[in-house]
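Step one of this worksheet: look at the structure below.
When the chains are written out, they are named A, B and C in that same order, and each has its own residue count from 1.
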Amino acid sequence: MSEEMKPESVLLCPLDTAAAPEPELLCIFGTGDFGRSLGQHLLQSGYRVVYGSRRPHSCGPLPQGAQVMSHATAAQSSSLVFICVHRENYGFLETLAPQLKGKVLVDVSNNLKKNLYSEANAEYLQRLIPEAHVVKGLNTLSAWTLQNGPSDANRQVYLCGNSAEAKQAVGKIAVQLGFTVLDRGSLSVAKELEDFPLQLFPEWRLPLRLAFGLTTCFFIYVVIRDVIYKYVDQGKDVSFRMMVSLPNKVFPTVSLIMLSLCYLPGIIAAIVQLYRGTKYKRFPNWLDRWMLCRKQIGLVALGFAFLHVIYTLIIPIRYYVRYKISASTISKFKENKTADLDTTIAWYTDSYYAMGILGFAGFVLLGITSLPSVSNALSWREFNFIQSKLGYITLFLCTFHVYLYGWDKFLFPSYYKWCTPSAYMLSLVVPSIVLVLKLLLLLPCVDRTLTRLRQGWERTDPQCPSKKPLLT
Amino acid sequence: MSEEMKPESVLLCPLDTAAAPEPELLCIFGTGDFGRSLGQHLLQSGYRVVYGSRRPHSCGPLPQGAQVMSHATAAQSSSLVFICVHRENYGFLETLAPQLKGKVLVDVSNNLKKNLYSEANAEYLQRLIPEAHVVKGLNTLSAWTLQNGPSDANRQVYLCGNSAEAKQAVGKIAVQLGFTVLDRGSLSVAKELEDFPLQLFPEWRLPLRLAFGLTTCFFIYVVIRDVIYKYVDQGKDVSFRMMVSLPNKVFPTVSLIMLSLCYLPGIIAAIVQLYRGTKYKRFPNWLDRWMLCRKQIGLVALGFAFLHVIYTLIIPIRYYVRYKISASTISKFKENKTADLDTTIAWYTDSYYAMGILGFAGFVLLGITSLPSVSNALSWREFNFIQSKLGYITLFLCTFHVYLYGWDKFLFPSYYKWCTPSAYMLSLVVPSIVLVLKLLLLLPCVDRTLTRLRQGWERTDPQCPSKKPLLT
Amino acid sequence: MSEEMKPESVLLCPLDTAAAPEPELLCIFGTGDFGRSLGQHLLQSGYRVVYGSRRPHSCGPLPQGAQVMSHATAAQSSSLVFICVHRENYGFLETLAPQLKGKVLVDVSNNLKKNLYSEANAEYLQRLIPEAHVVKGLNTLSAWTLQNGPSDANRQVYLCGNSAEAKQAVGKIAVQLGFTVLDRGSLSVAKELEDFPLQLFPEWRLPLRLAFGLTTCFFIYVVIRDVIYKYVDQGKDVSFRMMVSLPNKVFPTVSLIMLSLCYLPGIIAAIVQLYRGTKYKRFPNWLDRWMLCRKQIGLVALGFAFLHVIYTLIIPIRYYVRYKISASTISKFKENKTADLDTTIAWYTDSYYAMGILGFAGFVLLGITSLPSVSNALSWREFNFIQSKLGYITLFLCTFHVYLYGWDKFLFPSYYKWCTPSAYMLSLVVPSIVLVLKLLLLLPCVDRTLTRLRQGWERTDPQCPSKKPLLT
């Protein structure tokens, strides 16, 4: 870098003098929507723009100040060309290979569907014109953003390409337009960049479907047990309970089950490693897929826990609850009963509230550390400490909360309507299994073996790579 | 880049050997507060510092280890000079043009007010000394940060300048000081960088004024209707209701109105586009300005919704509410009334609580996706899905919540005190209009036309740019 | 950059043609766990990998597709070598100095403990082989991340080194592996990078210990005053109150005290500056340390405030509270008392709820602006406005909330059990001191002097740096 600081280097590169240079001329192929928005923004940012069009004399409205000419002429006047045409029309570019030799071609195309073509658009373009430098970029921006400038979710421009200088040239323009630039590597990642704008929360699909399935099943279950049973058994219509009371049984159930499903794959993976005696064999696909969406499962569980908390806090404002309390106070007075405070009930109810609140607080902390900016500020050791140790403490507190809520209800037959267990009893199955297995994995003998496995030890004899490499 | 990796390139550039080089010498013009803090931090980070001063022998305390000499001598000893003097004193630098030729000048100045000068300080400096490379940078940091190192809101250094090598040199120093560097482009954006430290939430002014105005108006309205009316009508003093009960009518009203004002500009814009038959005409300025602060309007609305939720949840703890419930229970017993549970009331009250909670949950989710790190992790399609679809669902749930809260109150004349409608009725006007218009825009015929317009189609005939370009 | 865009520069650099180049060959020294994971990921990303091992013929399983040979041969085949061996084994690398001359060596080592060695591993390596370019990097990633790709808390790669081209080469590879790269400067910061993975929330230790200490002390205090006193005085067992009622006295106390301890160091610093008449003398170490963890103290205080809010909101659901209310309603009816609503009580109770809610809302806003992505989006002036002005308003509202809660309780001897003040009275000491001192600092005469001091003025005579520099 020191060389470039010497005064002589300034004289040798007349294009890079200290005075503001003549605006750079950029070429855009394509006068469709994206091409026009891009051109307008480039003109506003101080560049000169020339369009290449098949019909230069009848091509539709273009931004004021831009010229339009044939493709070949336009390409010759600039060293950088934005290719704003659909992939289906790339064929004609092959005829322009001589004029495009050595130029930077920016491929901004998107497809309508994923996997429409086996090869990425940018790689196809590079194959058509091998002597140009193809850079994939700006395809993640919408035309609206180009017209109006960077905004939320539209500030980042991803580039990839085989030539570092070509990427730097495109990056410089993107920075001038007000975006931040991220280099993603060589042209082989172009397919990823082309898929990115088409995705719609791919890692959230499984957790959301799981949550929807659990919610539906449990809701039907509690409706049968609480509304239909009461109607059949006592002729009372308590269907209004479907708006608040029953959701307040379903939401915590789904939340607790999903929170434990967040930690179960880690335990299964540990058991698999212990069984196989090595950490280098790949996990089954379903386990891999499950491990990859643990964060989304946890965040969905947090959402349900949040709803449960607010549904619980409005209990004393509800008309139904006030009616019941009023009727109970009046009947207590009529019976002239002055029952003493039952401290056992006071103890276990206050305890399960306290457990629930502390568990929710831990849950919220887990959610906050999942925010991208917070998790990026933590080191791997810190992040693991929170998500693993605090995570299991949260799971324990929430499970204990439900056990205390149950207390001795399971002893009374009246809770088993039509011989079915309460929803909360069902919700305790998975978390209890997870916590018991985790305790077993924490036993010193097991934990020691697991730690050795994770540091690379293997139960079988190590062999030369020329014979049987165990890494797949 | 491969060239520079060859061993020979190491021998050719003796300044870039593998051994730790002799500390680089940097020059600072100006011995004021910023100059001293900057010099101290540079010395701590391993650079050598020489000051240029008008009175080298009587210039005030300087960091230990720094030398001080005349401007001309100091400039000659280093290839990079930090200009830490006020803009008013730039004149004398012109006399130093020969010594500053080819050097990098870092302009760190700030002005006291926006738009004090028509030209940015950095552009003025570049004009004075055309043969130097001026880089604007470090002006967004406070002297305290330079003394104490990077901290929150003070980690980012923005650079702009016409010479890429000059920016790289300054960036290298900033990185060594512990900051992250962001290149914002050429010197033409210097005015933006100089305005940045002077701003105080510019995009929040309109939303906050709007919120303040709505809050004041509605608060006076409910005080008149609930406190003054009661005093005039029944002689009772219920002024204590101004602390919790009345704010709990004003906050949800303001929140719902502002949430709908968040979506109204989008609808007006769509209607304007349908009317004009093109998307390429600029919107009126007031509509543009409104569209740009939609996010801030929504976040202020979320804040008011949050206050409404907590004001609602403390209802059963309030002395006034407990007094009322107790009195009501006692009077029910005295009248020996054993009214059955009214399931209609139970249904609609539980329903409006449920709608309110679900609407608030959606509102919180919208707020979380507005956080910079979360919105940057989403693609445009995902962000739009959340803010648009989930946004309208949230608006619908909150509006339905208020309709259910109203239920049949509007039928009873006692609610119209002095012939004025309740605050909640007024709050329903704007959201209802927005939802109805959105439904109309979703009709297949209208939606089809709008989608075509947004993809670039125009109702008029396309003409050559040489005749009448429709883009302004 | 313009030079590199000319077509001729493409012909001159045959290694940088537009066609996808032959995969780059990288060398890895060390066949342990990290070396194997790194090699596997490099092969998956399209590189060719050759291992250098002491025992090439019996070295354990390696990724398929990687070759293994002696160190010397492996080093000669590539221009970049990853050193994946422990520091204790760096000695043998000295014998390879001729083969490693001019190569880039990537030091990925970590130590088991901080400060195990006085010199950073990377600096030691550079000292051993002065003619190679050592780059410290990738040591903050875990082997699991290398196996499975970037994920939360493991997306960022930090580099440092003396040679910019070496860092660029390593950065290019890291980008290809899917990470983002951050240049931290020269090799002198290698010790920081080596310490980073070993840290476990270093800045949170003091605030958490402080919170734990305060919580324990106050909990014991309220248990003695509320549970033990009641048992001794009236023989009643109210120990169940330890689960919810007593924590709900301790949490707000700790929260308020810690919030004021967040603002006290700033006030002490201002007083120190006023006393000394200069801002250039260093603060005492304890004050510096306190000032540096203000944000963490504030966030811990916010956590306690959040717990207090939820513990308060569940009050009306608690069995104990419902029992008390029911008993009180019944006894009111039996005594045939129809007390009127006491508007004074209504006023002050509603007021302290309102103050508490508004204070909590301000507290939450302070917490949100502490998120890394939000604080990075603010300018220094905006951040300071929120944290300082809004911060003191929040402290005032919360203190006023507690004063109103106390109201006239302090006049009644029954509140002084065993002549001790209530916990809430103790909680008011520090905040009141802080607010009073802040008011004094806002007096025009004091404020004027403080502003002048902060802009660099000093009370003593300025002297030449050759005599007595006041900067330390």
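The rule is short, and it goes like this: contacts are C-beta pairs under 8 Å (C-beta built on N, C-alpha and C of every residue); 3 or more make two chains touch, one makes a residue touch a chain.
Worth saying up front: this structure is predicted, and the values here are computed from it rather than measured.
Chemist: Quickly list, by label, the chains bordering both chain B and chain C.
Modeler: Chains in contact with chain B as well as chain C: A.
Chemist: Specify, for the interface formed by the sequence copies chain A and chain B, whether it is same or different in terms of residue numbers shared by both sides, with half as the dividing line.
Modeler: Both copies, chain A as well as chain B, present different residues to each other, with under half of the numbers appearing on both sides.
Chemist: Between 0 and 180 degrees, and as a multiple of 5, what angle does the rotation take that fits chain A onto chain C by Cα atoms?
Modeler: So the copies are related by a turn of 120 degrees.
Chemist: How many angstrom lie between the centres of chain A and chain B, each centre taken as the mean Cα position?
Modeler: Spacing between the chain centres: roughly 24 Å.
Chemist: Listing for chain C: what residues touch at least two other chains?
Modeler: 1, 16, 164, 172, 313, 316, 329, 333, 371-373, 376
Chemist: Taking the touch rule as given, give the residues of chain C at its contact with chain A in the complex, in rising order.
Modeler: My answer: residues 1-5, 7, 9-10, 16, 18-21, 32-33, 36, 40, 46, 57-64, 66, 68, 140-142, 145, 152-156, 164, 172, 175-176, 178, 180, 196-201, 237-241, 243-245, 247, 303, 306-307, 310-311, 313-314, 316-320, 322-323, 326-327, 329-330, 333, 371-373, 376.
Chemist: Can you list the chain A residues touching chain C in their complex?
Modeler: Within the complex, chain A touches chain C at residues 1, 13, 15-16, 79, 101-102, 104, 126, 130-134, 162-165, 168-169, 172, 182-188, 280, 295, 309, 312-313, 315-316, 325, 328-329, 332-333, 338, 341, 343, 345-347, 349-351, 353-354, 357-358, 360-361, 364-365, 370-385, 455-456, 462-465, 468-472.
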